[in-house]
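Chain naming follows the written order as A, B, C and D, and within any one chain the residues start at number 1.
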Amino acid sequence: MQLGLIGLGKMGGNMAERIRRAGHEVIGYDNAPGKRDVDSLEALVAALEAPRVVWVMVPSGDPTRQTVRALGELLSEGDVIVDGGNSKFTDDKVHADELAPKGIGYVDAGVSGGVWGLENGYALMVGGSVEDVAKVQPVFDALKPPVSTEEQTAGEAGAGFVHAGPVGAGHFSKMVHNGIEYAMMQAYGEGYELLAAVDLVEDVPGVIASWTQGTVIRSWLLDLLVLALKEDPGLDRITGYAEDSGEGRWTVEQAIENAVPMPAISASLFARFASRQTDSPTMKAVAALRNQFGGHAVHAVEAVKPEAEKPA
Amino acid sequence: MQLGLIGLGKMGGNMAERIRRAGHEVIGYDNAPGKRDVDSLEALVAALEAPRVVWVMVPSGDPTRQTVRALGELLSEGDVIVDGGNSKFTDDKVHADELAPKGIGYVDAGVSGGVWGLENGYALMVGGSVEDVAKVQPVFDALKPPVSTEEQTAGEAGAGFVHAGPVGAGHFSKMVHNGIEYAMMQAYGEGYELLAAVDLVEDVPGVIASWTQGTVIRSWLLDLLVLALKEDPGLDRITGYAEDSGEGRWTVEQAIENAVPMPAISASLFARFASRQTDSPTMKAVAALRNQFGGHAVHAVEAVKPEAEKPA
Amino acid sequence: MQLGLIGLGKMGGNMAERIRRAGHEVIGYDNAPGKRDVDSLEALVAALEAPRVVWVMVPSGDPTRQTVRALGELLSEGDVIVDGGNSKFTDDKVHADELAPKGIGYVDAGVSGGVWGLENGYALMVGGSVEDVAKVQPVFDALKPPVSTEEQTAGEAGAGFVHAGPVGAGHFSKMVHNGIEYAMMQAYGEGYELLAAVDLVEDVPGVIASWTQGTVIRSWLLDLLVLALKEDPGLDRITGYAEDSGEGRWTVEQAIENAVPMPAISASLFARFASRQTDSPTMKAVAALRNQFGGHAVHAVEAVKPEAEKPA
Amino acid sequence: MQLGLIGLGKMGGNMAERIRRAGHEVIGYDNAPGKRDVDSLEALVAALEAPRVVWVMVPSGDPTRQTVRALGELLSEGDVIVDGGNSKFTDDKVHADELAPKGIGYVDAGVSGGVWGLENGYALMVGGSVEDVAKVQPVFDALKPPVSTEEQTAGEAGAGFVHAGPVGAGHFSKMVHNGIEYAMMQAYGEGYELLAAVDLVEDVPGVIASWTQGTVIRSWLLDLLVLALKEDPGLDRITGYAEDSGEGRWTVEQAIENAVPMPAISASLFARFASRQTDSPTMKAVAALRNQFGGHAVHAVEAVKPEAEKPA
């Protein structure tokens, strides 16, 4: 089939390549002239035969909103827009409602796979109507990982793709995926730190590498941790500074919205916030309180040292 | 080689089978007469040629301590005892120090793999001297998973086995493994609960199955969650009651001992504690306080209902 | 001065009483006919001399929004509306912006004190312009606690009242107050539970009562816990079921919005969520996973019992 | 009555002063010659009439253990040793068991009050037999805060002193007190940080000062936070570095031992650990993982900057 693809960055470019390898025609557009096949959204739409499928793969937030809106002006009844970016699921309903009066369909697709997706395939979590999803299905089939019975204890037919529900369900599922990811990374991190903290364990990278087969905690993330420790066994060349994208925050917000206890994922999110602070106002207040009731002189910013006498 | 194996339960029995399949001779002993090859520890020791290797695979705590002590009376210089159970790592040093004057070696081996180990192999985290570990190596090689270049992004030679350090390092590493396991399970659980809490996601088992390929969070535990949801899609037949064995507790204790922040793993441990309470004294106190300052009548145990007016 | 007061429930009624005791005239309106002085908003506005001050003390959300909007139609340039309810601070800016073109001022006032406020005074956290706040100041002075040099180590002039900043700052400050409250209650609750869990401590209510003088943790909430334990020493007549109002949720949401690590307050919020669940889907998933890798039969909902063998 | 007091540091010296003011005779001993009344433990014991009461107020751990042991050699049947330091409650049973064959009594006393205790009185949580506690009661009465009906909503007779149970119950109760203290300080700290993070709140010290009267969260610690903010309104002169003494760790350990969920107190403990790290190995691992699956170059220790593209 034909696909219009907007956004040819690292993710979009690789996805275009994978879709083409599966025999489909991809007409790509990007703000930057380098790799694009057409020079404008208008030209993109003109180059596609109706009913058209246009996949938007640009940064979430305003860039995606503007692109979807612009496409809404150009497309026709029966066409479908797919938002494959990391949009908040609440945007999807807004988009779908704007497009519906024109008869333009809307599908949200959460995409996981990162730089490994070109070769391994991309996992896809999709929301939309049955009809709209069906129009995009050949592209989803091209993108998703092949079913490998060898590799899988479970899943088979379902692995790598799901039509999760109506519009928004795809991005919601991807959001939860990323929340889980935060806590898994935190779990490995905490375990790594404890191993590294004791003299007893002499070969920390070896222990972690040993976990990659036969254990209960083997995973793809663990394989990546082994790779990272091969490159830098003590993680000496990297600082403990971790960004967060929106999905982790939205996951915890949705937990709050739905009264779901979420202690591990929220702890992981907060650990990322803390990792980016040069000093903690919370702990300044704690230190100030200890000084007050313990009667110690205030610790100067310039010269902090452990206290000789510990009041609490 | 020859191996004496004490404890022929679910784990020990399967391990004996896997070692035998690799061509080694296993002489098994168990308190229960059913499957044992010899009728006493004395007979076990007599049946092995020196230098002997005796693997203890009995419940941790007193049963293991008593067995190691009894073996210490029966074995000779150059023999080696392996504790493959879930012992606390602090026991290992005690055992090794007791055996050292007699010239008996001691190796601690953390074993992961559960009921799947017979077929998939067992991951082994080992502590002890180079000499003692070498005496057991053929058995370790028989137990550990085969190296599969297909299945692995990383690890290769190291996967499934590590000599982590001196006596105690094996059980310490296995303890940390289990701590990580707690937080990974909690992470998947929290994500599952949020998906299940919203109407938007219509196919929760499908979403989770889709994650098993191509995603960042794919893992063996995730495969197992897919299996569990196939058997019971809403987990309606099971209650949220989760035991904990010692390792999770010890992991957090060691974090405290070593001043390692461990928010996600500890949250997972506490969630298990809470899962087993019929009511929470903490939350009774919180409810009592809200009643006090909000001026509400105390809620009777028999008839709790949401409050009409929420004070805080 | 004259004050129009809308909402004569438990809080509003007591506040009217306290303001009257200070010598001011309060004209009260409520949907319910019982205690109101006038029969309609129109009558309320007509009864007040310009410039008018009208205090809205109705449930947050739509009731408050509708009341403020209705007042906006009735009031005149130079009048001021005070929202003293538990509104989300983001509503305040919306209200102020709607009223500004008409020259009607807006002040948000977070009020703390509960049923004890009539006698002890109400703590007030206020947002708005200097001019608008000044118009309400006599009422604030009537409501706030008296300055008692005996009772206070700190604070003096500032105690019980603050003009925290522009519109919204009052409700924001009250929101944070309530977030802190959650964690303080959780802290006492956790301590209470640990004391109650051990045989060693024979007089738990006595220990908690002893903390009310001379300790670092003495507080008004602790005094209330003592009262609660006098009425019900084992908290046997109350269940551990704790509602939450919006402020705790909003506090954590704002922490996320501002990348502030908030582990203790969020843990307290999640503990409340959990307190209201009859079973935990998260822990169902954890239990299901343990069953899968440990090889145990699935635990029936009807008959859950501790496992004989603990796999992890 | 007569009291022997060992340890005349900041705490012990002030306590001696308060006991003397109540009309009792205190014979003080310290390793340092400055303020002591006698030159040796032997001289101390000789100076006291039987039955003697000797209060040990030295650093917990070995110094206390050695002092108690030495006193055990010198005292006689019917005498009583009081350990008023911050000992772990598990030490108390050991001490009592050592002293029992000689007929020497043992009382453990958790003491709270810090530098304010001399004037305000010290809160006392006491463990031991009824007979032994009775022998020390006049000293306890001298140390504890006066009962002030004005200041108290609750407590009266019980405030400031409790005989919590047998040997160990005093230190156990003090340990829990300190655990609660950690979470209260963390709660105020988190609230302070959120207030300080937003532009909306223009007078953060003012907001906190306003909370000291009429609010649900008023407390002595809050009064101290107001004092700290008066001295340094932005806490600019102090770093967020917070020591922990043993009690917080022991509290969480006991929670684990007794399967008590303790999310807020443990989060507060871990926040202190993190406050003392110059970099976090956990977050190094998290950052390394993000780099691996996101395909980003590893961030150098020298030049970390926010990522242009956020993979997760």
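Methods note: a contact is a pair of C-beta atoms (placed from the backbone, for glycine too) under 8 Å apart; a residue touches a chain by one contact, two chains touch by 3 or more.
Given the structure is predicted, the values throughout are model-derived calculations rather than measurements.
Engineer: I need the pair from A-C, A-D or B-D whose contacts repeat those of B-C. Over half of the residue-number contact pairs should coincide.
Structural biologist: A-D
Engineer: Let me spell it out: compute each chain's centre from its C-alpha atoms, then which one is farthest from subunit D's centre?
Structural biologist: A
Engineer: Report the inter-chain centroid distance for subunit A and subunit D in whole angstrom, where each centroid is the mean of the CA atoms.
Structural biologist: Using C-alpha averages as centres, the distance is 44 Å.
Engineer: Determine the centre-to-centre distance between subunit A and subunit C, using the mean Cα coordinates as centres, and give it in whole Å.
Structural biologist: Distance between chain centres, rounded to whole Å: 36 Å.
Engineer: Averaging only over C-alpha atoms, locate the centres of subunit A and subunit B and give their separation in whole Å.
Structural biologist: One centre to the other, that is 31 Å.
Engineer: By the touch rule stated above, which residues of subunit D touch at least two different other chains?
Structural biologist: Correct list: 114, 178, 181-182, 186, 188, 190, 193, 197, 216, 221, 224, 227, 255, 259-263, 267, 270-271, 274, 280, 282, 293, 312.
Engineer: If we count contacts the way the header does, which residues on subunit A are in touch with subunit B in the complex?
Structural biologist: Where subunit A meets subunit B, its residues are 89, 112-114, 117, 120-125, 127, 144-145, 147-148, 150-155, 158-166, 168-169, 172-173, 176-184, 186-188, 190-191, 193-195, 197-198, 200-203, 206-207, 209-224, 226-227, 230, 251, 254-255, 258-265, 267-268, 270-271.
Engineer: Which part of subunit B faces subunit C closely enough to touch in the complex?
Structural biologist: Within the complex, subunit B contacts subunit C at residues 9-10, 114-116, 178, 181-182, 185-186, 188-190, 192-193, 196-197, 221, 224-225, 227-229, 231-232, 235-245, 247-248, 263, 267, 271-272, 274-275, 279-295, 298-301, 304, 306-307, 309-312.
Engineer: Quick check on the complex: what are the subunit C residues that touch subunit A?
Structural biologist: Against subunit A, the touching part of subunit C is residues 216, 249, 252-253, 255-257, 259-263, 266-267, 269-271, 273-274, 276-277, 280, 282, 293, 312.
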